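Should a chain be cited, it is by its letter among A, B, C and D, assigned in written order, with residues numbered from 1 in that chain.
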Amino acid sequence: MMFSNRLVNILIPTISVFLGLLVGAFIMLGFGYNPLTGYLSLWEGAFGDSYFFGETLRQVTPYILSGLAVAFAFRTGLFNIGVEGQVIMGWLASVWVGLAIDAPMIIHLPLVIIAAALAGAAWGFLPGLLKAKLGVHEVIVTIMMNYIALYTSNALVRNIISDGQDRTDRIPETASLTSEWLAALTQYSRLHYGLLIALFAAAIMWFILNQTTRGYELRSVGFNQDASRYAGMNVGRNIILSMVISGAFAGLAGAMEGIGTFGYQSVKGGFTNIGFDGIAVALLGGNAAIGVVLAALLFGTLKVGALNMPTGAGVPTELVDIVIAMIIFFVASSYMIRWFLLKMKKEGK
Amino acid sequence: ACGSSDGDSEDAEGSGSDNSNGEEAAGDDFSVAMVTDVGGIDDKSFNQSAWEGLTAFGEENGMEKGQGIDYAQSTSDADYNTNLNRLVRSDYNLIYGIGFLLAPAIEEVADQNPDTNFGIVDSVVEKDNVASIVFKEHQGSFLVGVAAAMKTESDKVGFIGGVDSDLINKFEAGFRAGVKSVNKDIEVKVQYAGAFDAPDDGKAIASNMYSQGIDVIYHASGGTGNGVFAQAKDLKQNDADRNVWVIGVDRDQHEEGQINDTNVTLTSMVKRVDVAVQDVSTNAMNGEFPGGEVVEYGLEDDAISVATTNEEAMTDEIKTAVEDWKEKIVNGEVEVPSTIDEVKEFEDSL
Amino acid sequence: MNYVIEMLNIRKEFPGIVANDNITLQVKQGEIHALLGENGAGKSTLMNVLFGLYQPEKGEIKVRGESVKITDPNVANRLGIGMVHQHFMLVDKFTVTENIILGSEPIKKGTVDIKKAEKEVERLSELYGLRVDPKARIRDISVGMQQRVEILKTLYRGAEILIFDEPTAVLTPQEIKELIEIMRALIREGKSIILITHKLKEIMQVCDRCTVIRKGEGIGTVDVADTNPNELASLMVGREVTFSTEKQPAQPKDVTLAIQDLNVKDARQVDMVKSLNLEVKAGEIVGLAGVDGNGQSELIEAITGLRKADSGDIRLNGKSITNLTPRKVTEAGISHIPQDRHRFGLVLDFPIGENMVLQTYHHEPFSKKGVLRYKEIYQKAKSLIEEYDVRTPSVYTKARALSGGNQQKAIIGREVDRSPDLIIAAQPTRGLDVGAIEFIHKKLIEERDKGRAVLLLSFELDEIMNLSDRIAVMFDGSIVAEVKPEETTEQELGLLMAGSKQQKAGGQ
Amino acid sequence: MGFLDILQSIIGPAIFFSAPLILTAIGGVFSERSGVVNIGLEGLMVMGAFVGIVFNLTFIDTFGSWTPWVSIFVAMIISAIFSIIHAIASVTFRADQVVSGVAINFLALGLGLFLTKQWYGKGQTDMVSRPFYTTDVPLLSDIPIIGPLFFSGMYLTSYVAIAFAFVGWYVLYKTPFGLRLRSVGEHPMAADTNGINVSRMRYVAVMISGAMAGLGGSVFALTIALNFSHSTIVGQGFMSLAAVIFGKWHPLGAMGAALFFGFAQSLSIISSGVPLLQDVPQVFLLIAPYVLTILALAGVIGRAEAPKAIGTPYIKGSR
């Protein structure tokens, strides 16, 4: 056999990334840019030196978690477009609790992280509940919950957490994920310990879904609710649980920003896009834990690297959005690539 | 050292090594750059204005983009630090963060890079290597408030803010004070859209305000303001005699108000970020960087002004009144409130 | 030679398998031609080739002597070929008429002329005796009626050659009788029919000739008049097959399942089970006979906890299990082989191995402290697969990829293996070939002999008569009669099921 | 303010707010009824807004006062063509339809902004000088009560949107095309065996959704935003998707849902002027439309049944 299954599973995303970059290159050529310079500056912007590498990893961190959030729900047959709002609430909660409580780090930091997860979970609970009990489509409810999160967070920041300011104070060191050590290692990048949390969360997701009886139920409900009911599972409870866990991941993604990257929450003029990008990350990663981590890595690289393209090559950053779109498109159309590989295989024989 | 001779301007950058060439040509080894907020370099607002200031500074000193001056654009809040650091790494002497959103990032990066100078626009960062550039938007808003008060026939005017925040409150406070100073009985209706990118809400709010008899609306709401203009122009199109006005913000929004051969933009509260940026840059180049200081730009520096492009609407009477009040503000006779609490006090004292 | 259809040396491959290998099928004008073969022999594939859904790799198709290329169903329709699929091709939100005219709608001023269509449907349905309500929605009508819609669909398109793919698998005896009448009527009108069925009795009853295929290969064609069921079966399977299952008289012991005064409503709040009383003893098989739609499904759902009972009492070994959750019912000792195996029986996207622990995953040894132990799960799965002869490439194969028969064997293995006190088997052999049926029947009797109670729901009178120790006839929500198979006939049973003869009602 | 005035100031904004959502949601209904999930509505609206504005700016001298109408027509065509990408991916290449829709969203925004920068040298276009304006409908606006409420100060495009909803209903439920389209979304194999070309049907449906979203996006741009930038279409496509589901995959239902959103939005804006509500913190008014929607879903609408085959690519011969 020329292509084993595993090899194909690696080949497809690789080929997709390559094709996506190729389309980007043609567009650059078409508009009179040098694609080589363009991609070189993207590379520089993402991995140019340890600082940029650190920043790339920092950007990857929330993407992993928001990607996991979308993926987790997806695996149980639910489409959580509300990750965006759950991120905002997690962000808010982490900062709020960080500011409100005075405690040594060993208590404070876990507390803050738990608060973020709980806030995101709470934001996922309602759509889950409505879906489970009344059959209300989770897509609409989560879309609505995004707006409610945005406006509520803004109002809380302004009127409750700060007095009339545009952003909260900075959280104290004891509640912060930042690390002198990581910063020094990467020339003052904002890389923080959250990356470990994100990777750990990926492992958790894999473990819950694939190794536990709970995960077995969640997956089963995702595939076939009737059979799950027949087998004695509580379908409604699993739907709610799935949204809650998904929301908790999203809340953690918010915490990465709240107590990692920023250290405060501010009044937002619009969405953070971390949640919406999470949809792309999850789907790119095939809704599997490892896939999500890799997809987040790709996504973070492209996003951070893109910032350097206007300076480095005069290419508008939007080119990267086009490239990302094309990569997603090719991954989605993997049937085509599979078919092509199969043909190659046949001819190779 | 003026007028660099090598033709390649755009793609000379790339890595630090061939940068030295460009910088030398740029004169005195001084270089300035800026980081935009999420609005982007061409937001037709303060980012764009700041870049215009830098370009003007560059022209004076024989620099151009990529050689002596440059900018980095941000697409999300998380990008500010990265962009600032990128520019620090390219050895720029002075780096601006445009917009209050960048304040925390400037604070952090300035801490980490004590040898680089920074400027923050629209906010205050207390660091020795940071110059805080703020504007007295309340003063300008006061003056357009005066214009609005004189223009209104219904004695009802409106204010539409983007997101309810300190900065926008400053606009609101000044505007209300200005209106009330002319006529205590004029009603000022204030509404925030909750977003800077919601033209639909802007339009709906404007529609509601105009239908209640309000005839002048001052908007400080970025892209949301598009909807305000759309509504005003629509009313004008349907009834050329109708009294509907919009007051623009940040720059002269005359163009936005053009409808057929008339214009609904009464005036605009113009904030000359370019003036400030050019000024601070020149000072810095001359070794007088106002590090650790809060540099306030206002009416007296012509960094805040009131547009008079719409000559028909801005009658001599209004212009004179605006001038008079400006005089009073500049010489300290009138203290313009800059927060909601202050404006309440101010109104009570009238 | 007067063949309307000739499929010559057809070969059709799927990735990794040759579904049809050099098969020849020749159908004469005006005959009913049977196509016989085990599950997965390639019958449906061959018919799909004829209907234009698949393109053959090799071979020639002639229609009325002319060589044709059937590239899609449109071409088949134009050639006068119509097909009633094994799995109905009906849009269940649409009305009968909408389904029939779909794709060739009568048009008036750009809109569908639904009035005209309904008239045409009525005309056709009268002509061939296919009673349907043109305005009813598919989801509201019985399976038998749905099948008539399928037939009308082909007739509406002017089909001259009709393919029936396992039409009787889903029908009640009455409906089968009606269908046979309909087929005869069609032949009288000059149509030709290809009939796929696993029921040799039906072949003997209506068919003129029979083509047998085995594992994708054509075995040959025989005149039905010159053969018998045994010969057909051995042609098909390649070995001798026994028909009536050998079994000893039952030795019923204590009452395992006792139902008293049970009332159950369906989703639309209609009373479906009405004051029903029923007992099943350990060591006996009770057959539940009845025409579909008389409350059998609701009864079983109520016992298994899938549906709430309105009132009444259900006891297992003396303990009430009324309105417990499905999990508690399962744990109390009930196994359930569900009627709709795709909907309830399996998570088709799970590997077959994980499907084998669908109710027991949370018990040791399959999991410990909430963590799955795949080694144990797959070990169990492997032994079950072996014991129950489930043909699958591996335990890691998705259940979806298995044929229906093998899926069913897997479910039965799983349910029986739990050593329950009561096995509820709803239509356990639907759509399976004789070999598989034989196997499943043997298993159920084995379980009975081990002292388990078995409640068998089947619409096949054969199966009920062969397997049951006692037959409870269900009509309009209650048990109207109880009979012993050896003391009754199929005719009598049929009448009881129709509710026309209720003298034995309430006899328990 | 009299009651009628209040009504008038609610209805006007509600309808202009709803119109783009109605148009887009109808497109969504067509696509989803054919079995293709369309989460790319947002991106298709972006494309429509972009094309509408660019065309308007470029051809104002050619078409004069007809420019906005020609612009939305062209936006419709281009977006329909653009949506073919989604069709190719999800129909021909059997892609996960959600993934492909997400790609559409990224692509449209990226492409729109990239081209804006190429063509205008900045991140946003100029304002169009010939947008749509409201008018009083002759005769009808003179009817007492109804006239001022529904026929004065309205955009003709709003009537177009409402008309399209009825056309959509008619096409979907009265014509052979509609019957076939719905059958493809319910049971593609049944449609296939009846000789209906499933792929072609789905391509057409996706393109209709592209056209309608293009129309919606360009109507939004030419009545409300008046230019194109990264912040022109922010979430309207997702709201339209919500309207599709809220409206139970029915064109008139989707219209009702979109109108509901418009009314809720409008109501929350008006409320700040109502004496009783003046002191309610602003945030409650801001979130009111979204909370109302959830309440409506939970209380009245409840379960909605999606087209059966939605989200699954049709592969001949499998079931």
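In the analysis below, a contact is a pair of C-beta atoms (placed from the backbone, for glycine too) under 8 Å apart; a residue touches a chain by one contact, two chains touch by 3 or more.
Composition by chain, UniProt nomenclature: A = ABC transporter permease protein YufP; C = ABC transporter ATP-binding protein YufO; D = ABC transporter permease protein YufQ.
Values in this document were obtained by computation on a predicted structure and should not be read as measured data.
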Task: A-D or C-D - the one linked by more C-beta pairs in contact - done: A-D
Task: Cα-centroid distance, subunit C relative to subunit D, in whole angstrom - done: 45
Open item on the list: From the mean C-alpha coordinate of subunit A to that of subunit D, what's the distance rounded to whole Å?
Closed with: 28
- [ ] Starting from the mean Cα coordinates of subunit B and subunit C, work out the distance between those two points in Å.
- [x] 75
- [ ] Mind checking the centre-to-centre distance between subunit A and subunit C? Centres are C-alpha means, answer in whole Å.
- [x] 46
TODO: Name the residues of subunit A that each touch 2 or more other chains.
DONE: 151, 154, 270
Open item on the list: Give me the residue numbers in subunit D that touch at least two other chains, ranges are fine.
Closed with: 231, 234, 282, 286
- [ ] List, in ascending order, every residue of subunit C touching at least 2 other chains.
- [x] none
Task: Full enumeration of touching chain pairs - done: A-B, A-C, A-D, B-D, C-D
Task: subunit C residues within the subunit A interface of the complex - done: 304, 306, 325-331, 336, 338, 343-350, 354, 358-359, 361-362, 367, 370-372
Open item on the list: Under the stated contact criterion, what part of subunit B meets subunit A in this complex?
Closed with: 10-11, 13-15, 38, 66, 70, 72-79, 81-83, 85-86, 89, 100-101, 104, 108-109, 112-113, 162-167, 169, 194-197, 222, 340
Open item on the list: Quick check: in the complex, which residue numbers of subunit B touch subunit D?
Closed with: 40-44, 48, 164, 189, 191-192, 194, 196-201, 203-205, 207-208, 211-212, 222-223, 226-227, 229-230, 233-234, 237-238, 255-256, 258
TODO: In the complex, go through subunit D and note every residue touching subunit C.
DONE: 174-176, 179-180, 182-183, 186-187, 189-196, 308, 316-317, 319
Open item on the list: Give the list of subunit C residues in touch with subunit D in this complex.
Closed with: 48, 51, 53-54, 72-74, 77, 83, 85, 87-94, 98-99, 102-105, 107, 110-112, 153
